[in-house]
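The following block contains the structure, expressed as structure tokens.
Think of it as A, B, C and D in the order they're written, each chain with its own count starting at 1.
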Amino acid sequence: MIQTIDISSYSVITDAIRSEARRILSDSTVSAVIGYTAGRRKGSTQPIVITTADEADKLLFSAACLNDLVVYLTKAKKDVPKSGRIGIVVKGCDLKAVIGLLGESQLKRENLYLIGIPCSGVLGSLLKPSAELTTKTIASKCCECTDRLPVGCDFVPAVTPAPLPDLEKRYANEISQLEAMTPSERWEFWKEQFSKCIKCYACRQVCPFCFCEQCLCDRNRPQMVEQTPRPSGNTAWHLVRAMHLAGRCAGCGECERVCPMDIPLNLLNRKMAKELKELFNSEAGFEVRDTGPLTSYREDDDQSFIR
Amino acid sequence: MQKQITEANLRLLIDSLLLKGQRVVGPRQSGTMVLYEPLASASDLVTDELPRRSIKEAFFPVCEDLLEYRKEGQQIELKDIDPARFPETVLFGVRPCDAAAVPVLDAVFSWDYKDQFFLARRAKTTIIGLACTTADDACFCTAVGLSPNDPKGSDLLLTPLVGGGFLVESQSEKGLSFLEAWKDRFSEPDDTKPLPLAQPAATPFDLKKIKAWLDDHFEDPAWDSIATRCVGCGACAFVCPACHCFDIVDEGSEKAGKRRKFWDACGFSKFTNHASGHNPRDLQPKRYRNRIMHKFKYYDDKFGQTLCTGCGRCIRVCPVGIDIAGVLEEIEKK
Amino acid sequence: MHSAKPRHDFEPKIIAFVCTWCTYAGADLAGTSRMQYPSNVRVLKFPCTGRIDPVFIIKAFQQGADGILVSGCHPGDCHYIAGNYHARRRFAAFRKLLEFIGVDLNRIQFSWVSAAEGGKWVEVVTDLTERVRAMGPMVEFKDLILEEQWSGGLNNPELQAVYEAM
Amino acid sequence: MCDSNKNIYLPYLATVEEVIDETPDVRTLRLVFQDEQVRESFNFRAGQFAEYSAFGAGESTFCIASSPTRKGYIECCFRAVGRVTESLRRLEVGDTMGVRGPYGNSFPIEQFYGKNLLFVTGGIALPPLRTLIWNCLDLRDKFGDITIVYGARTEADLVYKRELKEWEERSDVKLVKTVDPGGNGPEWDGKVGFVPTVLDELAPAADNCIALVCGPPIMIKFTLPVLEKLGFGDEAIYTTLENRMKCGLGKCGRCNVGNVYVCKDGPVFTAKQVKAMPLEY
């Protein structure tokens, strides 16, 4: 039964963000604020970098504010001004990306002014931006979200998000469905998904953790992954990305949302997160860890699979 | 020549084409989206949604082999691709914004050197267009001089009629010969009224004025405010019916392998990266500027046409919500 | 001198990623002590198991490997102190990913073989070769190489002729 | 020579006839086409380029370094910087490689008849002008005096050392070779200094003279003002642009500077054309 989700708090949040942005820009605590602004189409939003106080009224927060703005802080985006302290609007899932990047010393906490959002969920896709937020159109990541109230931010609008109706845990169900399949069925499922990929690299370009100067898959000396969008090269590409994100991915789900071919990429990352939690009891959360699960070890790690 | 065909006869026509071993490509449900794909049977045809990728793929594939090489000792033997092996194809249900882009691409692919990979497929393909009765707020074909029932590029144009069935208008020789070959499926047009066409909510752009601004605003701070948010992926270029840039790479070993041509996009940083590391377009706004310039100025300078048909796909798939219609509006106001 | 090798219809291609300090030396010991083991294994020498990147394993499968062996120093013996500990975690995670996309994990074997364990090396290689031989060729990745997107597909004349003849 | 149903991406096969190491990392290959018919029909003009295939690695773009007046072979000169050039470097005499071309426009040599010619170039940028130099020397009487100003970082970086000697010995050519400060060995007989400064000292007369400039962007940036100071008009200065290319024949949309396609409208441009282009090269 489809229920609409109460997001009345978003208008209060929008005003709070605007006044906060105006304040921190006018007394120059920050040199720029990265937030969301309205797009041309009804209900659509775009990321925006504002640098003056009177631009603060452009900021808003709505159910269509899906982007993980943290990608603009990484060094992959050289053209966003990096001087001085930067303000940024972050939802709970985005904040986990900031925490991950702090742990990997890509960002410095003192250069950030985090505007946390008490989030009641966002849309799953912007193909129809004016869609109403319901239990059907809500993003899959929000159904399993446990961090609605961001922790450790510089400013959080004093609003408590309305309790969410209980939502079907889509990722958990899909992963268990896939795990129940036989290996050849799983291979067929993923072969069909990966052969749809057209190598547009949107999943890499929006990912806050994909900040390599030159991606392994863009190199040809040595050429480890095929460049052409053929099923074989696509499979290798998505496996390499899943391994590179294992233990780091914060679950912002942007890779899956931006894929023009609707490939369920976040399934791979959620599965790896689940396995790493079981194997090494480590999870991307709100506390800064300077070594991830795959960059540290313990003497007594499980080695039952090793002869 | 005008004819009429009922929904049932159209499906029968598709099935008989398939039985003849003809490849029929049309919009088909593929998982959670609609894509132009080869149809297994007429029931696959979906006519109520704009496919996620454009029809350029039927002429300019995502990835195709250019040649095959094999090395014996110091000698190399090259195997060419025989254009006769491009499959004869009939495209059903092609949207006017897709069909209109194909003749635009003819210009670049036959500029001095004839790219047989595009032109041979073009010659072996019949395009049957389908007028649009629904549009969403991303469509802006009327803003770039096209319309929901624009015959440009289609060999036959189907216009949905009230109560099902389609009015068929032939637009080219190929369309006429197709009607001739299958005349028993078609009937004479009675005067049933066509369904109301879609009205995209976009006011027409003055493309000349936009081009004039682009002519002398290569260096302009506006590009930064427009394109700083662009993250440099290729989604907009790959779903676009008019973008035609590609890359060529060898795949295989030194002993044997293939040379392949596949889609590329000017949004990528490595698109113009020199071996010395120098990159003329090092920052993202410069790359997005090239996209707008190529579509609305360079292609006009070279071939007198606009490399955009207003399908709105790039607006729908852009990860950061860059809206090309919004950008054009902003430029037009300047 | 060595017994006549039994003829098999399927000879699996096994790729062994080994660390040069322990397992490679162990394999060398097996050779110098005239131990017999199947020749299906191709050995790739790495400075440490920590240097073995999962993308190498994917590449090996793409190039036609039917079985993969990754072997290095026992925990604590690593010449670089912690290379094998990191590898242990990395491959524990990578196994789960491969399993999730449908690769049969019996095709991949991880082992610790020290420089003195020539016998264990022979044992590991022989077991893996027999196991993979029983499972048959690794078809998933081999078929994948031939897959195309629909638009790039070409008619092959022989198939077309057969079709018309029907 | 592009009949309609030919695969325009199919290269001609050519055998490596001779390998010359110009500097430790720059090599010249002399190629002979294997197909008799191609050997006869392949004619090009000075300034055109070709796509050279190292099968298994890909294709690379270099100018055709030999002169159109020398029949039966073509030469290319490259530095081993990437996957394709490394693979080309591994070729020995007798190996096969692919050549696709000739592409692009060329130097309007007919307009240079009766004029003096000033060649200004540096490092590995000599090959694009060398084809023109030899072309003019083979029709020597059609031109006024020919001056060549050629510089490199060090003595070892000078390319075509044999031919530099030849040009020095010829009476109808004035060669001024230079190395960057500190790059000269003990018995270095040429000048010492950057090319623009050496050109400034030389101060060749500008009237009835065409300047042909080719070199790294930094050299061009400092050479053009010197030429303007000496009185060379924008129409009288020719240069070639190097952009990343893939197809070489105007399809893959990669080499454009503004609306100019370097592979179709170039690579040879006058300084006037280059100044009209947006700063995107």
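Worth pointing out:
Here, a residue touches a chain if its C-beta (ideal position, glycine included) is under 8 Å from a C-beta of that chain, and two chains touch if they have at least 3 such contacts.
Computed from a prediction, not measured in an experiment: that's the story for all the values here.
The most distant chain from chain C, with centres taken as the mean of CA atoms, is D. If each chain is reduced to the centroid of its CA atoms, chain A and chain B end up 31 Å from each other. Rounded to whole angstrom, the centroid-to-centroid distance between chain C and chain D, based on C-alpha atoms, equals 49 Å.
Inter-chain spacing, taken between the CA centroids of chain A and chain C, is 35 Å. If you average the CA atoms of chain B and of chain C, the two centres end up 43 Å from each other. Shared contact sites, meaning residues of chain B that touch two or more other chains, fall at 62-63, 81, 247, 249.
For chain D, the set of residues that touch two or more other chains comprises 58, 82.
Residues of chain A in contact with two or more other chains: 220, 229-230.
Of all possible chain pairs, those that touch are A-B, A-C, A-D, B-C, B-D.
Against chain D, the residues of chain A that register as touching in their complex are 220-221, 223. Chain A contributes residues 39-42, 44-49, 67, 71-72, 76-80, 126-128, 130, 196, 198-202, 204-206, 218, 220, 226-230, 254, 257-258, 260-262 to its touches with chain B in the complex. For chain A in complex with chain C, the residues that touch the partner chain are 178-179, 181, 183-191, 195, 216, 224-225, 229-232, 235-236, 239-240, 242-243, 246-247, 268, 271-272, 275-276, 279-280, 293-295, 297-299, 301-303, 305-307. On the side of chain C, the complex with chain B involves touching residues 148-157, 160, 163-164.
The residues of chain D lying in touch with chain B in their complex are 2, 4-11, 13, 15, 53, 55-59, 81-82, 85, 87, 94-98, 217, 242-244, 246-247, 249-254, 256-259, 261, 264, 278-281.
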